[in-house]
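Sharing a structure, written as structure tokens. Questions coming.
Here the chain labels run A, B, C, D and E in written order, and each chain numbers its own residues starting at 1.
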């Protein structure tokens, strides 16, 4: 059962350069189906559109970002609702109650001039009526923090008094305090040291296993994906190019880009030479015609140049968008 | 291969931090010593805030040490005062920084830095010769045409990182200090940069001080490693020895915490995260004592000396 | 001194309306209605020491918030409308001995201080001695210089004995916007330091006493004395009508307009433009003259341009005359006051009394006066008796109606005449002194450098000097001289130090105003006061001096001021000033007052000039008995 | 030119630019004035606007339109001089103090703070007295420059302090740049937006000061400026006598001048703000 | 404590240095002007007609110089200035000799403080709140309208603006008095009538300052806001479904206020300098008008007294901001 799916989602940044409109095709025709009670990882080169995809899923679409096409549907009360069709009030209500968000760069998402306590208070009060502060706010929050293994004292700290890792964990705690159905996390571990990284991931995993909800997690750290994701989608230049279970992605990558990605991962105890994908990521304003990876692909054919391959199921539960495996093209 | 290129002895740096009513001395780097040989890639790893960047800044002369000495080719560089000598040193020791997008002034074209470096250190004006620049760019797989008249925002992170390295190479330095050059980039870019270090070392005999907390790439690329924790080097030695069989409890924890890019190799234990960094800095004895599973009473009170165990130096009483 | 022959009618018989509240207690706040209150402006502006009524300290404080108008009576006071010197606290004029080494003053009897103590010769003796003894009090230097002894011969007679002869010593006691006014002995003898003493509550010798004052310094309120009869005002003119008089400073001229348009102020002095605005806005407001040209033509000051005759090239008589002839009087008065002024070419104000005393007798001489330069083979006669006519032509062209068709009457209002507008003669005068014009027609000094006149004036646009400076600047520019006007708050210092070429400061010192004696005016030109430019000046700012003038002044000193020969002597002095042109007199001070007839009428307007019309002159107290309430 | 074209697509900028251009054209027109503004009574007095006298005439007998053109010219010259020189000082002090730190910083900031603390208006009044008739627009501009830099120097200093922490400072040092090179090549470009925004604010302030001084009668009243125009109109009671064209002209012009300066500053600083600029230029301009 | 040594002492040193320099400038500048207090005094006395014997004037000049302490070199005057200032003696006013400067200031200062404290605070609060709201809801129509209004309001020359207010509310609709600080006959004491009267007189001057001051704060606030609304924590709060008003006040305005606090402290410091033009337009008693007369009269001691208050005010304001800023902004540490 999917809790969230997208159909042909297109989200472009529209920028005006000297009177000429340019489209940054950051999310270009993405179909997703996220299931209940799973951790879905999204990986890809930097700048390929991961954050944009997440924002679109969350309905945080503000200029210059525009949704050009497609739908994002949430399953609510056994029905699917398109978030772009909701009014502001409804959208405000489902946030945090139904779907919450752990943004990229936790360093600066907490209000620097208020104690962490107030962030909790505001986020909760926005959705719950609190009559008895002690019973309905302070105690539950403290319980929540304890359950996550966080010290209660952080409530009385200012964000700058906390280390980066701690702040990131506060955002995790904030995102889970109302026990939403879906949690979206955008690179929650980047710029943390490995021990901290592990702490944060551990926390997310704990939350998921107790709430049995869905986590969508973006990171380019394949190690993290390997550790917690159930399924992984690989993005390249605004498109989803492969999607499979974690084991499949690491054990049997199909798309040449994924192969490069997996093949170049260093490991302790292994000093053999690793190569990485040649060339540079493509521009999202003028992406290559046809398959967007073909300029960097050593197995590219003329077909790759001419048409865009569609993400189709190659093996059960394993989708890829590559003409090496299927001839299905994206319809124009 | 055996001569010491740079030798850091007993380096200590104290910062004063705090607010109006709680002002503390923070020993960000505490009696750190290590040395780097010619054509050696030396990794400095450790948790956030352990003092890695501070060490590199002191070596580069961008910060003043509180104590200790740094011998470069046998000469104490802390005493350098004259501009000429400083310049000579900088010509020999160059650096690249963590964040490629921050390395260059976003309001200037990148090529400027290349010309300036050549002009200032080699005295060669760009209008006379650009051979050195071309050569450096070739070494990182770029050409001058790729770089010309472009602002930092017009490059990808990987490209900027390469340009940054190229700039450092123009002076044909003996030592390159790379402070977390890969933390902001994705896996495939990471490898291309690290590969570049290897190549430069092999081809030009360059030494690299590679600062990172990505132990996997450290293992992949370097010869020696030092693990820092709260201002101390807790363990140092050849990278294989240290990472294959870590000795210090912190190194062990570090290694365990690495997320292996292999779904079959998931974490099986849990980590215990400690709350306050400040307090750990304040500890008298071993700063890891608060979290160490093997902690002894003495760990908290005594100065912990270094111990040598089969070619690895460890700062832990377990190895007394 | 002229004894006052009052053709004036007090509006009320004394005692007709008995004071409602007996006893010296001031009335409760606010229970005096507006219709019984007379509200006037404060010329000096906001008082920064509102609680201090000691005007005998050298700094003089702001005396025109009622202190000089209502609270204090002098020995004598000039009334320049009628041309008399009124005996106030003095019973009659001073009596000097032969060589002016002794002066006897008889005091008016039955005068009382407001606290019930009688005013006697002891007060004067005490006052003079205290002032002599106290540094920092006004007249300390004067009294020490001249007074050898002062004593009371009897209760009402004071005798002064001088160290040297001084025929004008009594003028220190003549109030003409200043002068020594007696203070109460019984108060001051208790005081340790009469300089820092605040004299609060003040004891008055005039018809009103202080009721209260604004701690912020904007208003001061006075209430009529129960025993107003025991003051010179009461004795001379009867009961002052308003129960209370408030001195209220409203600020900038536009505020005064608004205040009067709302009937919040009965008497103000403003600029010609402001007056125009008031007359437009308020039906009940009237000027001194009910119709055009509105202005007060009785002010005893002559205005114009002072030149620094001590420096090149203004030390040259020809240059001074050239500058005078380069001014077209009609254009000047048009620019500065839209024609509303009395032109005056002599160093004496063209008020009705001085016209009579000097202008008329001198007219023949003026007509025939020749400059030492030939035009068309004839000596040039600079006087222009037609100037008045030209001015009235201008006035007509501006669309105003002339106040009269009668030439004589027009001459009374607009003056007898002025100098000709003769730029050609001016040019000749300059050229014969080596001045040249450059290619663009600009004048060069004899040494070939460009001629630039540095004019100095204050920053207040309602100042008459300010208006003249800008108007004359125009004239001289037109003539081809570069002129720069500096408006500065320090104009006084600059002119006193001679740091100017031309300024709007009084071109001649005012005479007494109500007396034909020219001593005050002419003496300031005496060479004994000459100080070179740069040093602070003591005589006239022009620093001009001439042996002939010295002689006139010395002669004058030997004459009693009531001696009929004084006028002859004055004419002699004025002739010298015309020949030498030390400074350029242009017009009388065209005061612009506005009376509001909402609550009070029978103001001393041009149709009934029983008294000077200003609120700031000390004679205001003599206006009050004649005011009539409208009953509004 | 491209920059201008881009800026012109901003409605606010276009408005401001148009108004500014008109004002500048008017200022230039002043050189072709048929009248010498120092001469009075060249036209009939107190005439309301008409075909002959577009903006009427004043009580001094001058054509208000031409007086206005000269006033705009003078006020602009004064404001530009004030802004330009105060920027020079602010940049030099701010960059030096921010970069050097330590004693240099302390000393410079003490001087700087002393200037912040000084009461400007009284001192201007006093200086006006010292300079007397030499107080022309250029001198006034220079004096205002002396009092107008301190606050902005502080801004530049704090900007520099944060720039000093940025990585490219180190890159520059490792490229062998000397201190002055570093300051001018690396930091100056960052400081320019502050400089341009504050320059406009400073002009704003300078014109305001001039108006205040003139209304108090303390500037050189023979030179037509926006301030002296108001001074004359006020002292001749233009407002109460209904000569609205005389008083309204300088008021409207200065409001227009300020509004257009403000809008210019807003849109220029928006344009120069790296964050919005990135949006405009587009981060996605990736090579090939 | 090392805080004292490393931070507080240098900061205090700087504070005193700034005051020292400020006072020195204020000492020197009036003495460079041609204005001579003695001459101005003599002029006031003689100009309107008080007859003084020319010979006496010369002697008077000497004795006044002596009394005013203006004898001797400028340097020795300067030294004696400090000797006096240190014991808090500003000396006598020269133009109102021998009234002490302190007394003159004491008469005017309450008016100025009362008026300006209220107007400074009110314009700051209103300007910032409006600016904050307009900055947050920058796309709404009324926000654009209010912005335009402020944009046009702010540059209206203050004098003209005040005059128009005065005309409208003092004349056309005469609901407020046009001059002074009290009604005729008012005795200052505590009663509602007195307070109402004081307020009635203060309203127009206050209004003029509040309106124009507010426009200034509005614009700076608006500018700061436009930066803050793009901060990550604002986006995050929006992602959390917080209500707009909550975000506007707790997240955006609160942060945007921080730089404004510095401005407020300095403006509060400036209060002691008075509002010269306001006081002149509205004929309101206060320190600004006093300063103006002092300058015109060349009253060195009074100029020094008033400007010293203002220098102390601003310097102290700046000092307090530096010391107290961490209370407002938890991120700031003392450097």
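To be clear about the criterion, contacts are C-beta pairs under 8 Å (C-beta built on N, C-alpha and C of every residue); 3 or more make two chains touch, one makes a residue touch a chain.
Please read all numbers here as calculations on a predicted model, not as lab measurements.
The minimum number of touch steps separating chain A from chain E is 1. Farthest from chain B, judged by the mean position of CA atoms in each chain, is C. Of all the chains, the one whose CA centre sits at the greatest distance from that of chain A is C.
Taking B-D and C-E together, the pair of chains sharing more C-beta contacts is C-E. Spacing of chain C relative to chain E, judged by their CA centroids, is 39 angstrom. Chain centres here are Cα averages; for chain A and chain B they lie 31 Å apart.
Chain centres here are Cα averages; for chain B and chain E they lie 54 Å apart. For the pair chain C and chain D, the distance between mean C-alpha positions equals 46 Å. For chain A, the set of residues that touch two or more other chains comprises 47, 280-281. In chain D, the positions touching at least two other chains are 125, 129, 132, 216, 234, 239, 281, 285-287. Multi-chain contact residues of chain B, defined as those touching 2 or more other chains: 156, 159. Contact residues of chain A toward chain B in the complex are 44-47, 149, 151, 153-154, 163-166, 169, 190-199, 201-202, 220-228, 246-247, 250-251, 260-262, 264-271, 273-277, 280-281. Put simply, chain D touches chain B in their complex at residues 166-168, 170-177, 181, 185-186, 189-190, 274, 278, 281, 283, 285-287. Partner chain A is touched in their complex by these residues of chain E: 231-233, 235-243, 246, 250-251, 254-255, 258, 328-331. The residues of chain D lying in touch with chain E in their complex are 106, 109-111, 113-114, 116-119, 121-123, 125-127, 129-130, 132, 204, 208, 211-212, 215-216, 230, 234, 239, 247, 251, 254-255, 257-259, 262-263, 266, 270, 273, 275. Looking at the complex, you find that chain C touches chain D at residues 253-254, 257, 271, 273-274, 276-277, 280-281, 331, 334-335, 454, 459-462, 470-471, 473-474, 477-478, 484-490, 494.
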